[in-house]
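Some structures are shown below for you to check.
Common to both upcoming complexes is subunit A, partnered first by subunit B, then by subunit C.
Up next is the complex of A and B:
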């Protein structure tokens, strides 16, 4: 119970700070919109092939914009050495990780939902055909991505080139989650039945579970030097 | 009681703390002295469970310092003020109160805002505060959960007169309540005025440990010079 209370307090604090500072909001939203716009010039929005790779396009944008969000997750704690106060508190390392991952997921989901209609317009894609499934894929995919990203945000917090290091570390490990999310998103956009794709849902769920448990158990070693 | 036994701390090949044994009994105020790089901050960070010893153990009541129950008993003022600029004074204290599970948090927070003279600006963002106000908020943050062990790393450095007076008063109160206090500092006279015991670190080794007698208090500079190598 205390674990969850600490995690929720940390998530609330991070979201409140972001709502006030808009440190990442402006950068991540602008970045996502610019990339969506640039890609729409590159590909023919009406083409069948474009729709077939729409999931890949979308998750490419989300993961790049996501790195901007994740970069600030622990870096935000360095301003007044707040990370020391956080780690010295009775909150377990796992709760600190969980709180930060929750805040990052909520923020990234907000970004995804806000840019989805723009994507629909630019690429002539009906994104509302199967909204329930699409939301499930977004939640599972985003959680998998942020779990890995949040851990590596803690690992790289004191690294001088953390902006470069974070994507280099995060992208290779998140490949299974991103592959599953891309496949499922494309299937939803093209209106094909989801039943044959259930294996990808299982991959996403397994990825999320395994890495959440691993990260929650091991992050203490990262935070305590 | 905190017990430090055979502790070493390495950063790569460099040993910042070497084979340190130290006991900090309940109610003691220990002045931790030494030059820059002597290992004072490294030791304090290990005592605050922010860093693990490379060798040896640090225990509190025979349990690991990383136990949540033990961390709840520790309060620390480090080099940074450890507050969030984009939260209000009230929100900063609410956040830390929820992490420490402070009982009757609302009343405690109101009391600390009053004590630190920040009640009037409780709903203002910390980034809008003057340096002195931010320091007082940091003091409230460190004392909010009524710690039994206080770890203070250069606590009086860069404090304004009001924050210095407040901190001195709170340290005095904590002593009366039998708290264990470790003060790492270069300001010998301030430290000796508060200390009941003195420890001197040099290049990571403990070179002196003993009571802070009246003789030490009357001439702290001479005492310090006697127990340290001449400056290069």
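Up next is the complex of A and C:
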């Protein structure tokens, strides 16, 4: 209980900082729009085949914008040495990680939901066919991505070339979560039956569980050394 | 140094002898495969390096966990040696593959489960080494890279399983020939001989790389002391 309270307090703190400063919000949202613009040059944006690759496009936008968000997650704490203060606080390392991951997930989900209608308009994709499932896929996929990203954000916080290091480390490991999210999102967008794709939901849940536990257990070593 | 001069030669000589033995098995002893012809012999230089790379990341993970438990930098030396030598073997696997695929499948590369997983593994090895380069303090570097190794080793397994799922649900551009299926017994001998030789070469290189890592760290420490004066 104490553990969860500390995690929630840290998540609230991060979200409040972001709400007041809008430091990442504006940058990440504009970046997502830029990526959406660039995609329009790589293929015929009005074509029928766009729908078949819509899930992949969307998750590429999310992962690129997501890395921007994750890069700031721990870097934000380096000013005024607040990371040291955070580590020295009674909150255990796992709770700090969980709070940060929670804040990142909530923030990234907001960004995803804001980008979704724009994507639908730009690429003529019906995204509102099955909102319940779509939301579930978004939550599971985003959590998997942010869990890995938050730990590695802590690993790379004091490292040279941090901005490049994070995606190089994060993307290979998150491949399974991205594959599952892409597959399920495309299925929802194209209105195909979800039953044969249920195995991907299992992949996502297993991925999320395994890496959440691993991260909560190992993050202490990263933060304290 | 504490290393005895005699023991330093045992492993390399064994590796050399076994490599010559493996070359004999692969090029002179084992019969040529019927449908693919001579090019199939790449197989004996293609599959064993991948298995060695898998051994490398598993041993690397074991060493990383030992480091996290003991904070003894000797385990960090083993971990980095495993990953770096593992990268060499995974590269060998990735480079020999296309030379076999081109005449047999007609393409250099296909995104099938095994190829994708081998490439992801390669990217993980590279990511690990790039991360190490960017951290100077030995214990910080060891802790960060140990945590990353554990994530990568677990991730590699999940990537492979998910990739199998991904590709069985899609039509494949080529038939990914099951290499393990229906291998004639002389081919098994050549394969295992090659694998054994490569494992000894791997162990040999890991020893050398480990020593290099220790010497490098000691030099760094000395340099820092000099600067402090």
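Details
As a working rule, the second predicted complex is superposed on the first by the 223 of 225 C-alpha atoms of A that agree within 3 Å, B and C clash if a C-alpha of one lies under 4 Å from a C-alpha of the other, contacts with A are read in each partner's own complex, and residues count from 1 in each chain.
Keep this in mind: contacts are C-beta pairs under 8 Å (C-beta built on N, C-alpha and C of every residue); 3 or more make two chains touch, one makes a residue touch a chain.
These numbers come from a predicted model, not from an experiment.
In the superposition on chain A, A:161 makes contact with subunit C only, while subunit B stays out of contact range. Legend: residue contacts after superposition of the two complexes on their common chain; A:152 is shown touching subunit C, with no touch to subunit B.
In the superposition on chain A, contact is made by A:207 with subunit C only, not with subunit B.
Contacts of A:5 after superposition on the shared chain: subunit B is touched, whereas subunit C is not. More residues of subunit A lie in contact with C than with the other chain of the pair subunit B and subunit C. By the document's definition of touching, neither partner reaches A:181: not subunit B, not subunit C.
When both complexes are overlaid on chain A, the residue A:222 reaches subunit C alone and has no touch with subunit B. When the two complexes are laid over each other on chain A, subunit A has residues 225 in contact with both subunit B and subunit C. On the side of subunit C, the complex with subunit A involves touching residues 68, 120, 123-124, 126-127, 130-131, 134-135, 139-140, 143-144, 146-148, 150-152, 154-155, 158-159, 161-163, 165-166, 169. For subunit A in complex with subunit B, the touching residues are 2, 5-6, 9-10, 13, 16-17, 20-21, 79-82, 84-92, 220, 224-225. Listed in rising order, the residues of subunit A touching subunit C in the complex are 148, 151-152, 155-156, 158-161, 165, 168-169, 171-173, 175-176, 179-180, 183, 199-200, 203, 206-207, 210-211, 214, 218-219, 221-222, 225.
By the touch criterion given at the top, residues 45, 48-52, 66, 68-69, 71-72, 74, 76, 78-87, 91, 95-96, 98-101, 125, 141 of subunit B touch subunit A in their complex.
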